[in-house]
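Here chain A shows up in two complexes: once beside chain B, once beside chain C.
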Partner chain A sequence: EAVLGLYFSRDTYSEKLYIDEPVGTPLLYVHALQDARGEVPHFRLGQHLYSTYRSQPHKNDWFQINEDTGLLYLNQSLDQRALEKLSARNGGFPLLTIYLQVFLSPKPLRESDCHWPSCAKVMLSVINTTMPACSSLKPREFCFLETGLSFRIRENKPPGTFHQFRLLPVQHLCPNISISYQLLGEEALPFYSDKDTMEVNMRHSLDREEKEKYELIAKCTVWEGLREEVVMVPFPVTVYDEDDSPPNFPNGINTANAVVEYKRKEGTVLAVLQVFDADVVPSSVDIPRKYIHTMLTSDPLVNEFFRVEHSPNETSYNSNGSRVRAMMHDYKLVLNRSLPITESHSFQLGVLVNDTDYQGPGGVLHLYFNVTILPVSIRFPNISYSFSVNRNAHRYAQIGKVCIENCKEFHGVNITYKLQSLSVNCTALGIITTPESTTGNLFVNDTSMLQRPECTGMKYLVIASDRQSKKQSRTTSTISVEGNFFPEEEGCPISCAVNKRRSECEECGGLGTLMGTCQWRQGDGKGISKNYSTCTPSLKTCPDGNCDAVESRDLHICPQDCIRGDIIGGHERGEWRGIKAGYGVCNCFPEKKKCFCEPDDDKEPLCDEVCRMVI
Partner chain B sequence: SLASPSSLQGSELHGWRPPVDCVRANELCAAESNCSSRYRTLRQCLAGRDRNTMLANKECQAALEVLQESPLYDCRCKRGMKKELQCLQIYWSIHLGLTEGEEFYEASPYEPITSRLSDIFRLASIFSGTGADPAMSAKSNHCLDAAKACNLNENCKRLRSAYISTCNREISNFERCNRRKCHKALRQFFDRVPSEYTYRMLFCSCRDQACAERRRQTILPSCSYEDKEKPNCLDLRNLCRGDHLCRSRLADFHANCRVSYQTTTSCPSDNYQACLGSYAGMIGFDMTPNYVDSNPTSIVVSPWCSCRGSGNMEEECEKFLKDFTENPCLRNAIQAFGNGTDVNVSP
Partner chain C sequence: ARRKRARLRHQPCGLRELEVSVSELGLGYVSDETILFRYCSGTCEAAARIYDLGLRRLRQQRRVRKEKVRARPCCRPLAYEEEVSFLDSRNRYHTVSELSAKECGCV
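Our next item is the complex of A and B:
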């Protein structure tokens, strides 16, 4: 958010606080950087002291800040009694940290509203002892705090002082320790540390699009008598972004072609155009409000059937060897509704993209989509289908598929298939449409017709029609009935899946069998496997993990693919229904809506809950 | 719920009385006309569309000031208590007025956890009969042992089977499972099964990848954790803060697992149990954390989010994410649990 005014170089400042430190002990400096030249900070402390976990605030009686320099100091010693008083308000948690708020604005609306850039928190780690003797402190403790350093600098703003290296309380207590600070490699950097004041300054203003992170190293040298010790810590500076780059087209491409033919379904992505923006503001939360696109059309058809989807993605580019983040905006032309097959149209759709935060010229771009909508026709290939069916086939035996031209490519078109018998009295077959693949499945509907001598050669008219446009296409299909009729074994179940053994499976028929007998699938016997042993009407369709349009007519046909009820034994369920994988042999009882998966030899115990679960 | 503490431990709790829970505090407030009318006023202030202007209102300010002196101000909730949600609603109705709702770390509405990991080890040794001797089981797969131990306990087995079957049930090609139901089943497991069982499964120590993969699979991450897209962590935090339970569990995690520079373990009050408890407390919410891979030794946990698209908030986002991914307190706590060690706390 582009708030005008001064800003703090950090959002959190830290220092240690010991018991009974004398009045006047300096604690730390806070720093404000300018948004515009000539601005002068006036630092002001919030009225309360907060603790981290349970923030029942206490009036600040101990700390003061120098309004001009930003120096925070003790104006009353914090003794054991005061600490106990503060601890009592900490809700049972030990008092480890207290914090103060420092404001830049003269009077905030609400004290609880402390947010960078105009407010910073000063965290004071409370140590329940008096200050240790200088001789007992380690070099590190003279140089840096454990909490680490990190700084925020806004791009394109006037340079200024943003850090003071010295740890004021230890320096105040141990004035005889000699310390110096240095930023490694600072000659080549936009920052420098002043040897005398130990402050860190900027040489010039920064540009995030050039470099957004400076991973510096701060070096501290401590001399105690003749001993010299060096401590080094990371000193990261993050450059904050403002919207100072206009959006543009990568490779200059502002036009995309889109053809609508077979894929006419709602949600189909027809074309994508990209817009690059070197800025990372607005951030992902604000982008929908601040990066606005508009379709430039008054055509109600275009508005009804098309929409533009915007998906922003963070990307990055290389700038002098360092990674700089940027944004890539994808604009997708998407079908808003399924288009009728008769629609034929060609137009150019303009889309206006506006980076509203960008102030200069060029914040608005035009995208163009050249759209061609082609009509498609419902047409059978110029052939007559011929299928054969075995005289012993059972009801729901699947004997073939019919399909209009390019049927696999159709999406979002509602095709249905119908049959009309051209041989009077021979209506043995039915057809069912599989909507996902736009095909028609021919199956045996009336087995009694198969045995009639007048029905040996049947002729059908197949009609495909589009529900929306009522367009139709017709073709013929001849069916020859083959083989000799064998009477059914006695005592066979209706469903092949009931059979548990190979012998009984292959002796019997069942719903869906093509030749009058069921087929056995021998599994691999490797634990819970997709290739389990089972008895099926046709290995081509069952079990294949898909309860197709014919199978879903009757659970007896292929319960292995279609069951929704209980599966007992070691197994894995299918996505919607059915058995995805099973242990040993799986057989089913459609009447009871139950399947069993268990090894065929009776020696192994049944797989219980534990083996079923993925433990 | 957690094993109840046998005694208060650690000197830091000296002189502190456990506060009343917010449901009880609400009853006390309702019995007093001044308190109840101010509470009603405050709730109206906070329910307003523009909360900030409503709270700047004098009447709202006055209500807040009066309530700060009432039992409602200091009330807390217990994890897994009856009416936990109601309790948290009462808690936040006051505390949302106090903080802006934008604080990086929020105070936890839960009572501090005073029990210690050693309590769990003691109980666990009764259950397993072997104790937590690391040398005895150096070769075995601890995560497998934990699953076996759970299956031998009726309650643990039942709730574990419940969440496994819920989280494993595929709905369609587009929807891997019913995430909402899976989260609910996971919450029930972690709320109702004693931590001797749940921690053993969640924080078991591993020497090989198979074991670590099992550990990663504990919460069935393909349903409860992973998603098609990784949201930005700060967006995810906002989503979590929109829900009282998620917000509370996150605040509790921050209170108990936040890195401390003043303790040897890096954990607040050197309390591993509290950190592990509040980590497990986030499973089954938008901020569900999990192991990011099946590396047996380097333990990295994270919620399902990244810092891409943070804009100028990248630093804040990284800081938020690092409380999970690079948190020495949490890492030490998980390792200590796996090794069967706890910090000795002097009474």
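Our next item is the complex of A and C:
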């Protein structure tokens, strides 16, 4: 944590350095700005010269700084020999840049942590020639360096001088060139440059919440005899933020209502309250430590089942025609655990939000969540289910779904369905619970029962129960068996998906077929598509991109949705399993855990030692 | 040309390679990327076993008629390249395994 105090107006200064420049050549000024009035900077150079590749630093024998003015100058000429000595330490890389560190604190710091605001780097581009003659320099070279300018100024701090336009080495060696500088930009800007000293100053302190970036233009005019040259470069100033605004509620909303009914799953977001803060400090790294929220409750139930999640996002607002960044903090009330269905409760939860960086009044806010937890009951709709099943249906044929009231709304409630046969010896059906949609899937479990004359009309009791509360609901379901039985074709595969042609597909049965025969899906034949041709027990459920609870019982039912093994040919895999898209016809061999997707080309000439060239 | 054909016919079974675009493979993938497709080709006459001679004779005598039988060894990959990935025209990646042969042999 840096102690506030004086700070540099830039984090990096640069200048060119030629060989054999005379002793006393001024290089540049560094500038420090005040944190409080009356502070006086004392500049201090680091002990070492560094090169860009973190090789061994060299002791600084050439440069000195004026402690009070911040003027960096040569106190010993850098000659060819010295350069060779420095280059030798550069790990074999050519020496292009050396840098020094300038500190603002009088007490010697560890040199390794040179960070803005209390330390700045001075980069010196080493040029392996002597200074060129004044006449050979271009106007641009008298005015600005190639490295761009950019400045950092903290808001709410006393104004001060933060830049010196003059390039000291050039002007020191070519005193006859006359130059003037000017700042262009909007009127009434808080910056001005002094004609005589060529320094840039501030008129008053700045406020980031008003304007965050000043895009100025520095103009330099050079007169060489009668010739006049103008050079312009961008001169951006960034205003640095401090925590000077308290958090507040956008639109004054500090209360949100939350109702917990069917969605009781852990992680459900129940309500969101927003807190606006015009500051962009603390930074995102520090926000969790400095933006603290506390749930004001002693109720163990609330603490166990609810939590508040804080997510800060950067927004921006308009201030006199310029965009200024700000923070919007979202406070979400989230279920910490799945709530039992019997729970019924209502309460107000207060949340205290504290912007600890803010030193004024109003840094603490109160958020209120009015929470109502409603109990939900497990109830079947007031009807008896009736389904019909074809006598030729195969095992795992899906004949219908049962579902408690509002079952589509339920989240985080564990419902299981069970069947009890009310007609003795007719246990033809089974039921499987689909956990994600809390429905029960009725399917044929024993096909031999469908042939029995006493089982033409079956009655079942369907029981839905909540695993957690053991609450139950019951209803009845009648099943009528319809159609005439006709025996199975010879030599048909167990799985519909094995068939590759429409004719084979429609004359065979397979696991999961409702009427005893498989169904053919004709695809669109457009490359690798979701709508591929395939043979399936039931077009309603397979392939639909979802390996449902019944299909996952046995890979033979619908490998198109459930395969995890190899898919050979042009295809796209489903996210978890199955074939999402295929090329041509997709057929599968469940025993081998393999599927094939390829167009069915009957007419492909078979040319395998059979064809002979007929001349 | 005939000389060349004759020479090719007696090339022993081995790896050949071909630079093809993914679309040319006709798998349904649309992509302009080219891949190196290695395949097995060549004769396997020298690899015939007495099994092959016996089976051929039995087939001539119509003792083996119903099923498809192969009475000569065949030049096939013994190992395949692990994976080939490419980007298709809709900017999606696909990875196919065992597309290209790595090693050939008479089986």
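Here is the rule we use: the second predicted complex is superposed on the first by the 595 of 615 C-alpha atoms of A that agree within 3 Å, B and C clash if a C-alpha of one lies under 4 Å from a C-alpha of the other, contacts with A are read in each partner's own complex, and residues count from 1 in each chain.
Just so it is clear, contacts are C-beta pairs under 8 Å (C-beta built on N, C-alpha and C of every residue); 3 or more make two chains touch, one makes a residue touch a chain.
Predicted model, so just to flag it, every value in this text is computed and none were measured.
Colleague: Regarding the shared-chain residue A:202, is it in contact with chain B (first), chain C (second), both, or neither?
Modeller: In the superposition, A:202 touches no partner, neither chain B nor chain C.
Colleague: For A:371 in the superposed arrangement: first (chain B), second (chain C), both or neither?
Modeller: In the superposition, A:371 touches no partner, neither chain B nor chain C.
Colleague: If you stack the two complexes on chain A, which partner ends up touching A:403: first (chain B), second (chain C), both, or neither?
Modeller: After superposing on A, A:403 lies clear of both chain B and chain C.
Colleague: Is A:120 touching anything from chain B or chain C once the two structures are fitted on A? First, second, both or neither.
Modeller: Neither partner.
Colleague: Looking at chain A, does chain C or chain B touch more of its residues?
Modeller: Result: the larger residue contact count on chain A belongs to B.
Colleague: Quick check on the superposed pair: does A:238 touch chain B, chain C, both, or neither? Answer first, second, both or neither.
Modeller: After superposing on A, A:238 lies in contact with chain B but is clear of chain C.
Colleague: Using the touch rule from the top, collect the residues of chain C that touch chain A in their complex.
Modeller: 27-30, 94
Colleague: Please name which positions on chain B make contact with chain A in the complex.
Modeller: 12-13, 15-16, 18-19, 52, 55-56, 68, 73-74, 98-100, 102, 105, 107-108, 112, 144, 147, 151, 157, 160-161, 164-165, 168-173, 214, 217, 232, 234-235, 238, 255, 260-262, 268-269, 308-315
Colleague: In the complex of these two chains, what residues of chain A are touching chain B?
Modeller: Going through chain A, the ones touching chain B are 52-56, 88, 91-94, 96, 109-110, 112-113, 115, 125, 127, 146-147, 150, 152, 238, 240-241, 280-286, 312-314, 325, 573-576, 609-610, 613-615.
Colleague: What residues on chain A touch chain C, complex-wise?
Modeller: Residues 527-528, 569-572, 582-584, 597-599.
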